[in-house]
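I've put the structures underneath this note.
Look at the two complexes coming up: subunit A is in both, with subunit B in one and subunit C in the other.
Take a look at the complex of A and B:
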């Protein structure tokens, strides 16, 4: 048996001088912060299958590899990328973790909207960033978040000042070039929504080859001030040989609204954490999700909603289609603190198993401390209804087309909750390989 | 057009049809009546190709372009493309599949099969609206998922709309009248009568004589224990209505 500490050494071999790199890259409090996270990461070790939180996700294939930190190489897949970008949106593009000015079009921003690199923001918006980091004690973060914070020298910073409205979708794209193998990248996004401000942000993790092996370790922090609104879509369409572990932390104040969508179709092994803290009265959050897997893919979605104040609402609907011998995990935790009376919380996970060897592990967890609340949850796992297939066949539609049509119906039910046409179209485009394989 | 010879079929090893013979010519209407459990619905499902039913013996010959083919050798979708249509006793709800999109896909499959040009959404919409007008149906039948949240009567009317759109040669109505109020039944029957012509045929499977006042059969067959035990003209249905099935079964 290999000890966890040894495993860490092996994993970090590719960048064993990380502490020196950090010392070179950063100064002042940021250097201290990164080093603190690095030492915490080095102490913590990786979780194993015995860890309840990681029960269904074997990290072995991810952590037994050697990685090197992102490097700047010429990007040759511009044409493919452009078919995915909508020039009418504000595009912020990172290639192998490095911001690309050429591929981005950050301009003509409305008043009160700031979009800048995180490095820049560390000085220009230092108070904002320190305030954000205070909300999440280093000691409580999971090991991958810690690693991200140690590695991150760069990222994106988006801020809407009070009452600023930005209707145009901001699309952050993290593309990994197919030329490089065994890259580890640590994308980091910070999104701050001011009082009564409103924005739409989408983050896409994408690769244009299914042979590229790399590890994306992403972290997104979102803060929504009183009465603010954020529509946030995360799309993961990584290479089918890549690993993706991502955490999105959302902090909501009074009467704020978060509409989140987690869309996962790529990756060999994916873990997607979405942690929402409803820290103000009357805050409302919607977490929808869709995952489509095939082959031996594994997608593990964890959501945690923490109702800390009264009159909050949370609605979750995660749907999944599993083909081949793929696996999915859904773990949805809902906490209702004693003070959070009149909380209304709903959670549903629905799975369609198309592959004979596909498997789903779904687990809702409720921890309710208040007595006047409404919390419901449920999960379904099923195959295509034979009568529905036959009905379509009896109306001239070939069996394979019937399977596609019914699966599409299953998916549309959740995709059609997205009202932004451009985002809707992008997700449908990313779904094309899924339906071609049915 | 259709010739069923010595058909034996069952479900999960239980025999239901036990040597059924039936011959149907173009332009004819055949009614199949019988007590519960006699095999009426099984007959419809076997002709349409439901995968749960296993045929152990016999043939279902169907004339296509003056050649007889054995329907049992075709997939359900290929039977449908050759003009076989079964109106379901319990039409299936299909959440997430838009009715109009679904009907166009079905219609275009037939076009493809016949080597005709497929219809684009605009052309098809026009065609569909004509059919809806013919059956006095409103928008709600096509602007939502197939059969979802429809009442029993609406579902059955929707079956007839599909039949009108696909214009089949052999129409099999599986207890289309059961559970219908008299107004819905008239509408359904009226729809079927409008679709009838000398080149197609109708098999009406029913438990009640009432429907046959509206869709008048040329022949009435009594099915019992998986076999047709008596065939006669339309007066047989009235006799059954009057006396029940016992005198036939003995």
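Take a look at the complex of A and C:
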């Protein structure tokens, strides 16, 4: 216990007067909420490898460093960012965790769509935010979520009122600039989808330099009301020396539909938690995931789908390509509560090992308390089929090209489930370095 | 359907109906004069056990080391079930029938009361009635009361005897292998077992011998306020083969009794051990009162090249089953297999599965696990497949299916898959569902009653495992499941 709190101290050294900062930045209930989370974080200590949830992820490289809170700095990589952004979409850009009005184009929003900074929403949509925070018991959040809640003064708030439909993709971009080293940012997004409303949101965590060392501790909260539909894509292409720990919490009401995609290619150590609670009858959720790693990268995907009401459906497919000495971890949990009869739940994790020293730890997990259910899970780990490689070679295709083609096929299987062309193109662009390295 | 078949079906239904009210049929208690040491656990108890069994000095030292290590350990509580505290000082660690004399010349000298007990359990010990083709070592509470067919086995060089006898007669072999697969430091219950184990079976198959008989041990807990701690060690030398069976029962009691056994298997080059268990310890009553805590460490080591170990288990008893029969695949090309049916009903709890540790090149493992949970029971599959960097070309296939009967039971699956070698290929699949309503309807529309239909479907569900069991055991296992599930469906 003593050891752990010492560790916390050193981790927080760069911003030891955080409580004062919080007191300055926020007021009223928010200040209280942030301070409560801060003290909880200070007490909790970081999990170790003995902690079942963190069994395969050594946090030592992340927590042994000192970080500084982000401060506003001039952004010089506008050109690189512009090539990634699609001006036809609604873009919301954060640089080093701070909202950038200049780079964003939040305008011409259809009726019933609200996009504002979280700071503003705290006053204008206070009831919505309080209602959201009430859903998650503070004591149950993991330590990084708690840290995010303590640090967040900034973030984005998106709300679609009942029956509002926003066809245009909303793209939230978190860019970390290279100018500053060892910064910690706590991106926070809140997405509320009203009754029968529909939206498409993409979140990208990106850096244009692979040398930058920083720590992104992200949290996204999603609430989908009855009959609501949300397509949500998360793309992570951080600097290869950066650390990314992100949690996405999804709360679904009756007959709502969540279509999620987690795309992880960057970062030195990545942990991506996706927790979905199907709290209404007939809700359905799809979680797809793709991770491509190389070198000594580590990507740890944790998903948890909690079926709390009957007639729910969940579908998960996570695929990964591992090159070099990289590591992937997958832990998928499916809970079916005794009342959640007629649940259909599927989960599959497929890993392609290309690197000699690549490692995979996978743990698909079912906890079923209702009997009238259909739940399956599966996991595979393997290499490219030698016969297929040979076939292509016999057709005068160089071995390296054959490997690329077959790997592309492996990836396309899941990338092609994305119907939005702009998102499809963006993810393919982020995949380019992966295929160049094969 | 032919007349003959119809008649058979009808007979079966009638037979089943008469069975339907049947309770646990092995729940009786044999009133026999026992020699038992006082309750409690300390170093003097270990010395007393050693003295009673006439063990050499090195065994005492080994036990003391284990005991001292055990004292530093904490009882683990990570599995997905709950149980009250175990009072280790409230148990008697040695219970033996009094009339037993050492070195019996023939089975006819065994106390007739004991012979009767085993006959009642369906295990005839006397020479005339013995099961053909199966040699039995009968363990009653803390000690082995007799081993059949020893002379016949000795002709081909196979040693099959109680652990006590082995420590005296074959100390070199025991010294070499005891604790080499499950060291006393392995886990809490293995350490406890190493300190206090009172008997068990020892089996040694020499080079090139295919054991002519099925070997088996039958475990019976009889005494109250006691635990059973036995240790089984099977060594298969180069190119040998043995099939080993194990069965267990206990009287019905309101208290929980602890059974903490250790089983170690070792195969050398080209050898094969096939280990089958039909576990039917008393599982407690409908309210979950009483029953055996079955906390067992079972592990095999494929030490030699091309060797093979297969575990087949039918777990139908015990208040709590907590075991993971494992295989360490050390020799190149070695093969590990695990076939399991775990049935829980009433308030039974099970956390069982396997571990396959791939170390050697081109090692292969197969896991087939079928879990059936009914009533208010809790059934967990927990397994580990670990492929180490040295295991080039390792291959694993796992399949774990669960079936739920009733809406108050739970079925959970926790597979851990750790792959550290990029040439490995592994597949894992699992499913959870209830009995298929269409299949049930089909069978019922063909004139089968509800229980008959369910039994047929369950049989099909478990077929992959049952076909691995020796014939007599397979029949027994099918009957056992039918009996257990009576009244759960409908």
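Basically, the second predicted complex is superposed on the first by the 436 of 438 C-alpha atoms of A that agree within 3 Å, B and C clash if a C-alpha of one lies under 4 Å from a C-alpha of the other, contacts with A are read in each partner's own complex, and residues count from 1 in each chain.
Keep in mind that, in the parts below, contacts are C-beta pairs under 8 Å (C-beta built on N, C-alpha and C of every residue); 3 or more make two chains touch, one makes a residue touch a chain.
Small disclaimer: the values here were computed from a predicted structure and weren't measured.
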When the two structures are laid over each other on subunit A, do subunit B and subunit C clash or fit? fit
Contacts for A:398 in the overlay, against subunit B (first) and subunit C (second): which applies, first, second, both or neither? first
Using the touch definition from the top, say if A:338 reaches subunit B (first), subunit C (second), both or neither. second
Name the contact category of A:295: first (subunit B only), second (subunit C only), both, or neither. neither
Tell me the contact category for A:360 with respect to subunit B and subunit C: first, second, both or neither. second
Using the superposed model, give me the angle at subunit A's CA centre between the CA centres of subunit B and subunit C, as a multiple of 10 °. 70
Would you check which partner chain A:406 touches, where first means subunit B only, second means subunit C only, and both and neither mean what they say? first
Taking the superposition on A as described, I'd like to know which of subunit B and subunit C A:390 touches: first, second, both or neither. first
Per the contact definition in the header, classify A:28: touching subunit B only (first), subunit C only (second), both, or neither. neither
More subunit A residues touched by subunit B or by subunit C? C
Give me, in Å and rounded to a whole number, the least C-alpha distance separating subunit B from subunit C in the superposition. 14
In the complex formed with subunit A, which residues of subunit C make contact? 389, 402, 404-420, 422-434
Subunit C-facing residues of subunit A, complex: 56, 322, 338, 341, 351, 353-383
Spell out the residues on subunit A that touch subunit B in their complex, using ranges where they run on. 385-388, 390-399, 401, 405-406, 408-413
Please give the residue numbers of subunit B that touch subunit A in the complex, ascending. 48-52, 75-77, 79-81, 85-86, 88, 91-92, 94-97, 102-103, 105-107, 109-110, 113, 145, 162, 166
